[in-house]
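Below are structures written as structure tokens.
Look at the two complexes coming up: chain A is in both, with chain B in one and chain C in the other.
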Partner chain A sequence: MSEQPFIQIRDLHHSYLRNTPLEVTALRGVNMGIHRGESVGIIGRTGAGKSTVVQHFNGLIRPLEPGKVIVDGQDMSDPKVDVRRIRQKIGLVFQYPEQQLFERLVGDDIAFGPKKLGMEQADRRERVKWAMDMVGLDFEEFKDRFTFSLSGGEMRKAALAGVLALQPEMLILDESTSGVDPRSRRELLERLLTLHKEHNLTLAFVSPNMEDVAGLVDHIYVMDDGRVVMSGTTREVFSQPEKLRQHGLGVPQVTEVAHELISRNIPVERIPVTVEEGVEEIWKTLNS
Partner chain B sequence: MEDFELLRHITIGQYLPGDSLIHRLDPRTKISIFLFITIAVTFSVSYTGNIILVLATMFLVLLSRIPMSYVFSGIKPAIPLIIVLAVLQLLLYGDGFVPYGMQSKTYFQWGIIHITNGSLQLVIVSAMRFVELLFLTSLLTNTTTLADITHGMENMLRPFSRFGVPSHELSLVATIALRFVPLLAEQLEIIMKAQASRGADIAHKGKLQFITTARQVAALIVPLFIDAFRRAEDLILAMQARCYVGSQGRSSLVRLKFARIDYTVYGLSLAFSVAMLALRNHFPF
Partner chain C sequence: MSTTLPEPIIKIEGLHFHYNPESEHPIHALKGIDLEVYPGDYLVIVGHNGSGKSTLAKNLNVLLRPTQGDVQVKGLNTRDPAHTLTIRSSVGMVFQIPDNQIVATIVEQDVAFGPENLGVPEDELKERVEWALGVVDMLEHRNRPPHQLSAGQKQRVAIAGVMAMKPEVLVLDEATAMLDPEGRRAVLTAVRQLNQEGVTVIAITHFMHEAAEGNRVLVMEAGKIVMEGTPRQVFSHVEELRALQLDVPQTTDIAYRLNQRDATFPPDLLLVNEVADEIQRRTNGRGDA
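Moving on, here comes the complex of A and B:
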């Protein structure tokens, strides 16, 4: 991929409560590049600066001097940038997205974004149907339900549909699937991966947990104390469990098993990062 | 450019750790200073009196070593409102107020617009009072933790419990109310960001900003209220789980004690306020 990255971040610094005695530094010089169609993971313990970084992606936070954030070729430090267009392209889902629901009916809430885009009634309906399909909410069954009568999981799906309804080119999930039951979570992630593969949707997963992102991403950025401390393909990053532990993180259990096997002189050809790969490796080792 | 960081603009109620003379005072002393001087501010209408009060409160803020810029950054969001009020007062108040011992003088009259020396003084004095009260509130809340304020209030109200004043409950209510301000601000910030992320044009600084804001209000207020109720319910549950029954048989971890400096400061501020009240009609202008 030689073209310019979709999102490029150079030497980004940020502090909260700036110019007050309570100032806290969140970012101390972050560099990142995310290409169109990529799926990346941004990993780090709490307070590492993950959320602060991703909020720069869609202009919720603007870069401070001397940092640069270039999104889709546009310099985000320019006050004239049309952030609403950027936000339509880059959907950001927060940790408890169900907190953003406000309309009485589920369908209306999901239609909020498309309505803001100025879409016609009929197109809007199609868009809402598509988005609900994506998250696994049945259109006919759920569109006229009262938003606040939904279960927690359904509310979260509805909220996610509300962001998807903008049909973004990139979707950022900032710990948005924590607390969702395993089955719904897997279904949701599978649908997102399908979008990623078939429609070239760029994905970014933010999580403190390696296991969460292992099978989903091509590239991992590990953050600690406001900096990117490790960066590489999933396998590259997971092959350094010691270094990860230094930054308060672990590797997926299956990767840990592989490292343990190696330390006991049992050969493992390729370090697995998902259960499927682990099974394959163990099978190979057993047969050889 | 928009700015979502709401807490940056809320300075009142934000405790700033420190070791100044004011920080070390007993919370009851600080609450008393606050009350005494607030009363003095309320009854002072003369220019001289307010100049003295501005200087006195500023002196206290300097003693507390809170950065002046921080104190003033708290008014920034309120400035448009203050200006509108001041202009209305200046133009329409007219004869409503005649300074003590002075003749009413009309500077300008046209239709209902009526500017007198009284209304001019009222506007200037109001602005000064605003600054004085801002200094006082910052002084109390920026140097005292919420827990200390609560203890102090409860302690000061205790003598009234004989007459059925629920001192503990009152101070608890006040604490919860104050504690919720930064929490709700933080939550509002998250909601604003979430709605902006799905197409709402929130926090866009424009000429008709308040109109767009009003239109977006449902998208912000509904989630904010739901969150506030949820937090309140959580709080009730947590209190019940710990068998909270109010003040009944409850002792306190912190024992407040007046030190010599407390008596001194208490005495000085009382004397100052009494003097301000006694002299309020005797200042030259």
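Moving on, here comes the complex of A and C:
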């Protein structure tokens, strides 16, 4: 691809509480490139530096140390960058959604962003309805519910709707779906994938779990101890279960089955990353 | 025969629970739950968001009281306020977000907090803290401030804090949901260890492969128990579980789909090795020719 990446990160370093006795180094030279319309997974155990990296994507953390962050063609170390505009384009949903909800009613909370953008009441209502539909919260049922009365899973959906309501070009989910039950989670992700495919929404999923991103992303960055330690397509990364284990990660059970078969000298043509692929591969093996 | 049956440690009869029963729109979260939990059980409760799992859990140690029906712990009814403390010291709970459960600035002190408040004497307190930190494999971190620990380590400290009160029942309300795979493995190992030492475990989870840890699985839907059995029994009902918006472990899903293509393939496999064994058996039989 000759086009410049939407987000480009070069040799990025970052420390928290810098120049104090409590200094903690979070990033030790990270390189990443995310193109417009791509879907990527950023995977790694707790403390690997995942959240620190993605907070550079929309200027929540500005690069102060060696390294470059170029977002949408703009150098984020330039103090004149219009960060508000960047944040409108790049939405970030965090892990604990209750920290991201602040209005009394669900509908008002989701309408907050569009209101700040100066949208008219009627358009706003449509936008909120659309965003709630996207995350699977029924508009009529939930718009007048108190945000604090929502269940954990519903809060996560509401927080996501609030970010989607700005119709960002890129969406970053920082472990935003942990605690959502598997089926709601899948429905949510399928809707996001539709936006990704039909409207070119760029996606970044941050997770400690490989199975969370299997089948969702074009490219995986595995991080550990402030560095990118593996980078490749899902299949390339999943083909190295030993290396993943060293970095504190596992592979989905279906991939584990394939590796177990290979270790028993039973041929598997290609390493499956989803159940559908696994069934096809095993079927081939059984009938070869 | 009835003489050989152990007494249930928890007995629930006709339990209904409403949130805001006085309001215009009360939420009917539990709709007639009957359940008996026996000493030494490892009961796993699954169900999608809003199915009533956490409400049920909170009714077990008097964080909530039934709107209708009864919950008895060791024969004590949770409706009687005189029993609240006894019940709470019998049934310990661990929640989803570890940070909300840590109270002290040093791991050891955090674990000691519960038993100290129960009036456990100094010598025994020390012993209990050591034992609890040992079970969750956190002894080497005893003098560290909790905020320096990983999420998995914090959750193990939270479990140790509950265990130091020596409850007979440990309730885990999605206690692994926020952890990375390493943290999750460590917590599950600790819980398995406690169960082997005789602690009754009730675990609420979204992770279907974690449900395979239990000896009983209970599926909840819209405030009711809709399926119950051993993990193998429950997970063999792939279609029904799907209809309930639930997943099955990937291994069971693979076996089920292969069974649909070839009826001789067993549909109820649960472990990675079981699936591999079955495939190996089938390819060997043919490969020899």
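Methods note: the second predicted complex is superposed on the first by the 287 of 288 C-alpha atoms of A that agree within 3 Å, B and C clash if a C-alpha of one lies under 4 Å from a C-alpha of the other, contacts with A are read in each partner's own complex, and residues count from 1 in each chain.
To be clear about the criterion, contacts are C-beta pairs under 8 Å (C-beta built on N, C-alpha and C of every residue); 3 or more make two chains touch, one makes a residue touch a chain.
What you are looking at is a predicted structure, and each value in this text was computed from that prediction instead of being measured.
When the two complexes are overlaid on their common chain A, residue A:L92 makes contact with chain B while staying clear of chain C.
Of the two partner chains placed by the overlay, neither chain B nor chain C lies in contact with A:Q121. Look at A:G278: by the touch rule set out above, it reaches chain C but stays clear of chain B.
Of the two partner chains, chain C is the only one that A:G153 touches; chain B does not reach it.
Judged by the touch definition given at the top, the superposed model places A:L249 against chain C, while chain B stays out of reach. Contacts of A:V180 after superposition: chain C is touched, whereas chain B is not reached.
Once the two complexes are overlaid on the shared chain, A:E260 sits against chain C while remaining clear of chain B.
With the contact threshold set out at the top, not one residue of chain A is in contact with chain B in one structure and with chain C in the other.
Partner chain C is touched in their complex by these residues of chain A: 45-47, 95-96, 151-154, 175, 178-184, 208-209, 211, 248-250, 252-254, 256-257, 260-261, 264, 266, 275, 278-279, 282-283, 285-286.
Interface residues of chain C facing chain A in the complex, by the touch rule stated above, are 47-50, 96-97, 150-152, 174, 177-183, 206, 208-209, 245-247, 249-251, 253-254, 257-258, 261-262, 272-273, 275-276, 279-280, 282-283. Of all residues in chain B, only 1-2, 4-5, 7-8, 11, 14, 16, 66-67, 69-70, 73, 187, 190-191, 193-201, 218-220, 222-223, 226-227 touch chain A in the complex they form.
By the touch rule above, chain A contacts chain B in their complex via residues 16-22, 55, 58, 60-62, 79, 83-84, 87-88, 91-94, 97, 99-102, 112-117, 148, 162-163, 165-166.
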